[in-house]
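Next up is a structure, given as structure tokens.
In order of appearance the chains are A, B, C and D, and numbering begins at 1 in each one.
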Amino acid sequence: ESLTLSEATDLIEAAEAEAEEMGLKMVIAVANPEGNLIAQHRMDDAWLASVEISRNKAYTAAALQMPTHELAEPSQPGESLWGLQTTDEGRIVVFGGGYPLEADGEIVGTIGVSGGEVEQDMAVASAGVERFEERHA
Amino acid sequence: ESLTLSEATDLIEAAEAEAEEMGLKMVIAVANPEGNLIAQHRMDDAWLASVEISRNKAYTAAALQMPTHELAEPSQPGESLWGLQTTDEGRIVVFGGGYPLEADGEIVGTIGVSGGEVEQDMAVASAGVERFEERHA
Amino acid sequence: ESLTLSEATDLIEAAEAEAEEMGLKMVIAVANPEGNLIAQHRMDDAWLASVEISRNKAYTAAALQMPTHELAEPSQPGESLWGLQTTDEGRIVVFGGGYPLEADGEIVGTIGVSGGEVEQDMAVASAGVERFEERHA
Amino acid sequence: ESLTLSEATDLIEAAEAEAEEMGLKMVIAVANPEGNLIAQHRMDDAWLASVEISRNKAYTAAALQMPTHELAEPSQPGESLWGLQTTDEGRIVVFGGGYPLEADGEIVGTIGVSGGEVEQDMAVASAGVERFEERHA
């Protein structure tokens, strides 16, 4: 089971609204549980690099079934997943801003946000996650 | 000068409405004049391959400043641009469904649609082009 | 032995002058005998796709030691090099506009031009080749 | 709005002059605000790797709208953007030598230099930035 396009754009709009309120320009991507894109919006003047990075944050959250910020620590030098970030054709992102979206214990999609500092990306993505949770409450 | 995200999603919604009326499931991408993505929507159950193809139709329309269907004939075996379709890191699409969006003689963005037969892709993309032209009339 | 940067930019300027006289916007690349770039200029408003294509025409002329238009016929369906254009990581261009630059029977560099119809690309590249030959006469 | 080819080659020549004065061999690339190449020169005997690195420094300065040396610290192990350098298809360079070129508060192009130690790359690129600023003073 997967998010629909209509749900995906609703989450993106919630994230955009949060970004605007914070004065940020972000790229927001929503993917299905297989990591394939459902929808992506680049806010005006958001970083070009964030197009690829937000898409890959959404991919990573699906491909490893966890938030991307949880990969930061284990991918450090000397840690167990050192080297993870250069696997899977360079699509794995190991910093925050990507989240799985779970309903009834099952991942039905993911969201990835890029465009600012990591904490900002996480805050904007979280607004999308919250909208998802409201819809599934 | 480039389309804004708000304009891009408006064109995508016009194309989606046309696809729904035709009973089709499409992926629709809008890019800026340098071929970089502004927004992309994958309608529910649209082909996975169309995510990449629609994005590359939008890219091609920007990168060669013409509709993608105009590349079909010159890239045929025996024609002058035979081999074009495998250049530029595989991003050039030589069948219909990608269009530049021109205002005052300048390309300000492009649209690319994939998900059905080429004539269907072209019809759905054209609905986006028409919405663009209404906005700039 | 290889062309110098100073010679390379001289050839590029000769090709640019020809393009301007013909009212064309081209991207012009000069590579060394190993196919590696020496210099590249994108004329204002030249096609984006031509950045990669001109570079790869120069690469192809070095990598196969012949003008790229000579690859058009043998790479056709049913001919001996059918499939050539998708080898070598997609860098082989099989239409005209790339030429080796030979002095004393030895290739010392190549030129690749893209931005118009194939005959136009060839004419503009030829202006670069002619400048080269004047220098080595 | 973007730099013209004529401006781009002027900045490259200023950087080349600085490199020559310092006894260095550099590759210098200038890109437009969307990270696409305008011009690139490889000085005689400059490192081959610098062809790609200088191009990607120019790309990075456009794609993240900041000088590349500002990415060195946040992409270190344990820092917030650890892993940034392997995102965006390997095009992000996190050491110095890439700079945005701003006129009236807007980025109109970027410059990327590679071929020596990072401080040398930065010094040579800065000569291009200074020429840009003189032109826009």
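Throughout what follows, a contact is a pair of C-beta atoms (placed from the backbone, for glycine too) under 8 Å apart; a residue touches a chain by one contact, two chains touch by 3 or more.
The structure presented is a predicted model; accordingly, all values stated were derived computationally and were not measured.
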Same or different contact residues where subunit D meets its copy subunit C, judged by the half mark: same
Centre-to-centre distance between subunit D and subunit A (centres being mean Cα positions), rounded to whole Å: 29
Separation of subunit A from subunit C, taking each centre as the mean of its C-alpha atoms, in whole Å: 42
Centroid distance [mean C-alpha coordinates] between subunit D and subunit B, Å: 32
Separation of mean Cα positions, subunit D and subunit C [Å, integer]: 26
Per-residue multi-chain contacts in subunit C, two or more chains: 48
Pairwise touch network: line, ring, star, complete, or other: other
Every chain pair in contact, whichever chains are involved: A-B, A-D, B-C, B-D, C-D
Subunit D to subunit A touching residues, read off their complex: 34-35, 60, 62-65, 77-78, 80-84, 86-92
Subunit D residues within the subunit B interface of the complex: 32, 34, 36
Subunit D residues touching subunit C - in the complex, by the definition given at the top: 4-5, 9, 36-44, 48, 51
Contacting residues of subunit C [partner subunit B, same complex]: 47-49, 52-53, 56, 71-72, 75-77, 85-86, 90, 93-95, 117-119
